[in-house]
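The letters A, B, C, D, E and F name the chains in turn, as written, and every chain counts its residues from 1.
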Amino acid sequence: MIMGANNQLTHFDESGASRMVDVGEKQITARVARATASVVMKASTWTTIRDHAIKKGDVLEVARLAGIMAAKQTSNLIPLCHQLPLDAVKIDFEVPQFDSEISSTTASLKIISTVSVTARTGVEMEALTAVSIAALTIYDMCKAIDREISIEHIELVEKSGGRSGHFIKK
Amino acid sequence: MIMGANNQLTHFDESGASRMVDVGEKQITARVARATASVVMKASTWTTIRDHAIKKGDVLEVARLAGIMAAKQTSNLIPLCHQLPLDAVKIDFEVPQFDSEISSTTASLKIISTVSVTARTGVEMEALTAVSIAALTIYDMCKAIDREISIEHIELVEKSGGRSGHFIKK
Amino acid sequence: MIMGANNQLTHFDESGASRMVDVGEKQITARVARATASVVMKASTWTTIRDHAIKKGDVLEVARLAGIMAAKQTSNLIPLCHQLPLDAVKIDFEVPQFDSEISSTTASLKIISTVSVTARTGVEMEALTAVSIAALTIYDMCKAIDREISIEHIELVEKSGGRSGHFIKK
Amino acid sequence: MIMGANNQLTHFDESGASRMVDVGEKQITARVARATASVVMKASTWTTIRDHAIKKGDVLEVARLAGIMAAKQTSNLIPLCHQLPLDAVKIDFEVPQFDSEISSTTASLKIISTVSVTARTGVEMEALTAVSIAALTIYDMCKAIDREISIEHIELVEKSGGRSGHFIKK
Amino acid sequence: MIMGANNQLTHFDESGASRMVDVGEKQITARVARATASVVMKASTWTTIRDHAIKKGDVLEVARLAGIMAAKQTSNLIPLCHQLPLDAVKIDFEVPQFDSEISSTTASLKIISTVSVTARTGVEMEALTAVSIAALTIYDMCKAIDREISIEHIELVEKSGGRSGHFIKK
Amino acid sequence: MIMGANNQLTHFDESGASRMVDVGEKQITARVARATASVVMKASTWTTIRDHAIKKGDVLEVARLAGIMAAKQTSNLIPLCHQLPLDAVKIDFEVPQFDSEISSTTASLKIISTVSVTARTGVEMEALTAVSIAALTIYDMCKAIDREISIEHIELVEKSGGRSGHFIKK
């Protein structure tokens, strides 16, 4: 396998020491990142969440707040991440649609975060942390009825601002 | 769809208010939880991680520490989670094996956490948070060379101690 | 003014040094504390909160979660407070009733927290912190429409467990 | 009751989802906020605080530091609050004056915070959090001698900088 | 150099992976640790601290509170440290004595912490963290007048409770 | 002893109240601080650390990460410290050299932090906190084999940027 110039892990210096990469010379620009995660659960778990939301407590609202608050904690969780005063955090859900999208046994709920900042470095990790903690919160609130929930496809879907240009996941 | 007695979300009371569930009457027992996550990356990303580990910085050690420290932060991240003074946290990796497990384009690294406590409630969320943050840390350290890494299959694989008995994911 | 033996501030030693009081000799018992706070706002602010809750976002649910999460942070906020792994946290609201309780200009919303623990010391501060941060969260979410909201009557209303017996505020 | 254009709760989007409001387009300006709280206690509690301060430990200094440190934690406590690197935090006390201001049974101590920042959004919540936690700290340190202390009148008294102009509470 | 059976670093497993050591089998006992640190400063810095304390602000009280609060944060700072709900934290100072102990150019202030817990593992790290952060706080408050302050001799001086017996530093 | 104009402790106001000093009028400039600490241990402790690093777990990597993460927590630990979004954090070690530098009984390991920021105030405290927590982490990981490790010479060695000019410790 041939590797090009980009096989560098910038969080290590030439001696192999981990470090917080110096962003002091980078431009302050408006940067946005979007990430997603999917929570795969039993179909009956989803209908319980959905039916509760109407009058007995909204799992998704709790997850949304957990995700927003976690975005602000990112630099305390990811060791080499910079501290960034976020401009905005938004979390949306794409819920399973009836009949068509709930298979006979499982349902898949999608979480989408959008995080923006005006800073020297991007907010990919904040967007990814937000969806991860939102998904874990859904697990926590449903684990008494469905211990086999899995969290899938945590990934960065879009990123703009900064030197590396506009990225959209194919 | 017929639901049995277990379609209750215990984090809400009868009026739909979220709450931290009362565990005061539960038994203090030794409890263990194990969770896993997979980090799916380009094969070349994996070989870069692997080659760095030898003499230029070990991504997996950073991820391991991030996961251990995150386990201790779980109750600050998951809104309705209890604060639990953990007895032990351990994080292992199953790395892609040569030829056979690295497909032509992608490699999958598995993270396994084992968390134990002597307490009134279990440590599923701590185990799940540990693998999630470890996985996100790998993303962070490799994002400059592989922005399309995805995190898959975050799930509880085993749980023991407590009233609900020994659970092993099929 | 005559003072009895109880005019001691136990958070200082005999030399006047602050300290975290030693609870090592105290009994582990089930302890509960309840606290309240009132948020006094314009009547129109209350009706906006109430009308939003139905279909446009529930201020009280956000406040409730903020209060629960803050209860877990109490020992990080109150300098000489012990760290206590809480058994349960619950937050209730007494909302203004129509006609009778919304005066021509202001409405008063009451927040009630109930916190329990099995520990060597009580959870008064956790209960008080929970209502305080819940109230501040309501302020935050409504400040764009009502900057003159005030928070009143933060107080301990009940406390049981522990050597000092059952306290109920008159 | 007729409501104008201002009955919007900006922390929710049009679908009712909570979010951290986008401040990316707002101007970076110097902003100041001042808040107050009153701690109402038995007159004998106040004289104990006052007499201790001279040579046996200063409750107000502990409260002051707690308030300053809490101002820096505001965005971790109030779910939708932005993270702001504060320029300054100051906490003052107006202590009950002798004879005239200590009534036969109660004394009222006033806490005033002044917080400033150069940022895209204001520091009302930081100022309010500072006085709230300072007040709770006084409660904590005096609760062994006066369990019926109440905290009153937590309110924003002044705010400047930013688009909405100079606000002074009447 | 011959090494005995004790050249094991227990925070690594046999494969070299870091981990939070399992304390689940250890006994819950009363444990105490004491640590010290010395802050070496210009003699004039010490006299400024001392003179301020009387009527213009007490550096040592701020440092004391910082140390107590830091003790409670230890497990968030030291990666493999267990979370321990402390029973008590106390910080004392041995101030330089006049003439005899302030040399012509420097003065040495000693900080002593005493931390206790009833738990499965000891509080050495809490005691050491407390004196370290207290010392750093003194540096912070005096750095405008003495940038060359150094912190010396951070060490564990006593430890009791637990299997390894009573340790007193010679 | 005669003191000049510089015997002011700026963290107190004229009445002796502690405060977070107002930096709103200061210039935003690139600022760097470097600090050091020495960990003095038994020679055999050092050789255990060194031998482990090769194949059984690297104490210094754990300490390095702890130091980097602690730098980001500085304003939560040092009461009157400003919150600063750091541009870079780097931690280096000067390890004892064979024969010459390991005395018959003790070895001294030096930790050097370099922290940079673009802000209104400097990062001395972040650099000092980083080396302190890195040193404490080494203590933690080695305490089972060497309880008498001491941490020495925590000091600021260089500082640039800001009004007070370039400082280098003699």
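We take it that a contact is a pair of C-beta atoms (placed from the backbone, for glycine too) under 8 Å apart; a residue touches a chain by one contact, two chains touch by 3 or more.
The structure displayed is predicted, hence computed values, not measured ones.
Participant: Taking contacts as defined above, which has more of them, D-E or C-E?
Facilitator: Output for the comparison: C-E.
Participant: So which pair out of D-E, D-F or A-D basically repeats B-F, with more than half the contacts the same?
Facilitator: D-E
Participant: How many angstrom lie between the CA centroids of chain A and chain C, rounded to a whole number?
Facilitator: It comes to 32 Å between the two C-alpha centres.
Participant: Averaged over CA atoms, how far is the centre of chain A from the centre of chain E? Could you give it in whole Å?
Facilitator: 38
Participant: Give me the residue numbers in chain C that touch at least two other chains, ranges are fine.
Facilitator: Correct list: 13, 17-18, 58, 61-62, 65, 69, 73, 76, 79-80, 85.
Participant: For chain D, which residues count as touching chain F in their complex?
Facilitator: 30, 61, 64-65, 68-69, 71-73, 83, 85-92, 116-118
Participant: Can you list the residues on chain A that touch chain C in the complex?
Facilitator: Its residues touching chain C are 58, 61-62, 65, 69.
Participant: Please output the residues of chain A touching chain B within their complex, sorted ascending.
Facilitator: Of all residues in chain A, those touching chain B are 1, 3, 6-18, 43-44, 47-49, 52, 55-59, 62, 65-66, 69-70, 73, 76-81, 124-125, 128-129, 132-133, 135-137, 139-145, 147-156, 159, 167, 169.
Participant: Give the list of chain F residues in touch with chain D in this complex.
Facilitator: So the residues of chain F touching chain D come out as 13, 17-24, 75-76, 79-80, 82-85, 119-120.
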